[in-house]
């Protein structure tokens, strides 16, 4: 991009033309965005390239052997512990994203259609919990779901159960509940934005043409808000697959996810190439799973019409 | 049967659902202050009475104080850096049209769509590969990557109402480019900028994974808290600390929101859109 | 032609890729003239105005402002000031601060600055609102602030980019009168961009009609309405009945044509006129046709019948079919005789003045001129 721009300057040596180009919208836009772009290039794109490179190398004690190998990927994909972790991580992130989107959609719809003049206040209330004390929020779920925790003591005092239920905490359900809570706002916001963009007269037209409220919702509102639903899925599913804190705090043995294994390769295990291969595999698998979900979603919505 | 279904119809399902959802959203957060004032080392009901001793114990905790200072340094640096970078990107996107715009914006916004641990791991690898010592500086650099997308979304919404005719009017009245930036652009978008500073500071204050991987020997508050969570006895103290951070975060976010809305209102109402 | 040129635009073109926003435009605007650039959206009128202000850099050509070549001057160095379409009132400043904005660069004494701001606000009758913020002003008030803010700089030329389009009809008509009065009072050149032909006709000393990046005609409002040079100009400036006429002969500056049922008509011959295949287009404005009642007689009469009727309050628009004409004629009648009660199908007689016909070039023909 920038290189092409410089080529163009080189082609036109006349100072007047060069001045015209530097004054042009294109040049100013590029100049303006370049600090941020270069920063992201250096601290995001380049590091990811390094990770990909490492995933094809081998660790020899303290040295790195830079001959190309697929050994790390073989290990990542065939060793049962990693395979189980991948499957569980994907399953949890899929469940979390589906549950989050399904439960958040009515809230987004409520704010968009019934928020009145206080839409911004509602959105603010939705986002506040997401930006405050991440660790302690997870910790709080441990307190809620624990053996002597809020949920158990509450249920006992209401007389619904006799003795505490042990199975609330330290399993994948606890992980799912906690993650759904953490990512609620990230699902609500994109859905809300796409609902806001829908011209209300479309829905009135559907009603005018004989649709019930519910049919109008499924045939007009839902398909038109699909872009928001898709980004909500992506913005929840992809990051949650690599969540580290939640499985560690509330997951117990049955709730361990792939991030723990990745972290181990950079800590005591000290096998960077394997850690890199696990990271890359995670990204590829979650991208494929997300793509499949999005395609399935589009297909379903198309069938509704 | 028909009586039951009729009764069910009269329950305002949507408000009930919204109420339950917000309870779910706020319950874990509201529990923190409750237990931080509870006179017991365990976090169970019924409550054992009111105390402020957990807060008092924080004051004498020098390790925690140091972590708090680190968090403050990191938070301010990240807020300034990511807001400056966010201003460049937000202005480029709202003001100019150029080829490669989508690609550039996509890369800048990418951290929103990546597992944080992968961002953390890749940064760790490049930092160690280059041979830079892990320190607060590496935390700042890493968290800035993560915070720029948030800064950008706050700033873009602030800049979008900013019509370029305002700047043109300034040039037209004889002002230079720098003067225009100082006298028109900056004052008009100032609330959005302050809002971005507050939001990114809050995120940095709360961010754990990147700090955990990149902080070396100087912990930030979340890294400190992580270390304390292993000890059940330390939990009430941590909850007290968490409550303070919670209140600080909510105050900053509220202020940020008020400023953002004021900016939006001002730019929107000031222009006559034909 | 103006006495002393203030703006001279010489062969200015502006290309965006292959799209020609301005295509070899030349024109001269005089000192103290109220000049309008009139055309549909996308005709290049705004690009031309913004090129004068310095916000667009033409691809080719030169613009002289008060005799000085100005193409390389940035907007802040030009003796022009602009009233923006959305008024661009600075939202963080109050009315007086907005007006004083440009003066700050001049480093005036505080008293002088205050006096100039006060005078400018008086001029637009806003003296009492100095402390208001932009969002507390009505549309008309914002427009006045924008005017005061530009005029306080004492520009040689005031540029107005569709300044009335954001206002409702009644306010717009009031502001038209005020703009004209203001221009007479300050005596500087005003250049107005508009797509509203009535606005241009009512305000301007001269009008340039633009289509597709080119100037189709420059003339006074009266001339441009009564003697449009091309069919497109005639059409843009209001209703017109078009007829195909056969050329009978040319003599000096006159052409004589056979205008179907209207008979032989003598017309002024435009510069560079060529009759293609011996046929030309002629036009007559609807209001130049007149209904004849009862025993009225006129030297030039035609019989027809009412095909359609639309009531507009003070006038009625009639569509009249005439045997031997391809198209029915449009007419505008005042309602004092009862034109609004004529039934569809009624047989009527109409009078016309052969001198009211104009010879219209097809658009392409004029471009070669």
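Letters A, B and C mark the chains in the order given here, with residues in each chain numbered from 1 onward.
One rule holds in what follows: a residue touches a chain if its C-beta (ideal position, glycine included) is under 8 Å from a C-beta of that chain, and two chains touch if they have at least 3 such contacts.
Fair warning: this is a prediction, and the values are worked out from it, not measured in the lab.
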Task = Out of every possible chain pairing, name the one holding the most C-beta contact pairs.
result = A-B
Request  = Look at all chain centres (mean of CA atoms) and spot the one farthest from the centre of chain A.
outcome  = C
Message = On a C-alpha centroid basis, what's the spacing between chain A and chain B, in Å?
response = 17
Ask   = Roughly how far is chain B from chain C, going centre to centre by Cα mean, in whole Å?
value = 54
Shared-contact residues (touching 2 or more other chains) in chain C = none
Touching residues (chain side chain C, partner chain B) in the complex = 53-55, 74-77, 80-82, 84-92, 101-102, 104-106, 134-135, 139, 142, 149-150, 153, 162, 165-166
Task = Over in the complex, which chain A residues touch chain B? Could you list them?
result = 1, 25-30, 32-37, 39-41, 43-48, 50-51, 54, 103, 106-107, 110, 114, 120, 124-129, 131-137, 139-141, 143-144, 146, 148-150, 153-154, 157, 181, 184, 234-235, 238-245, 249, 259, 262-263, 266, 272, 275-276, 279, 282-283, 286
Query = Which residues of chain B touch chain A in the complex?
reply = 14, 17-18, 21-22, 24-29, 31-32, 35, 42-46, 84-86, 88-89, 91-93, 95-101, 103-105, 107-108, 110-119, 121-126, 129, 141-142, 144-145, 148, 152, 199, 202-203, 206-209, 213, 222, 225-226, 229, 235, 238-239, 242, 245-246, 249-250, 253-254, 257, 261
Remark   = Note: in the complex, chain B contacts chain C through residues 163, 165-166, 168-176, 179, 183-184, 187-188, 265-267, 269-274
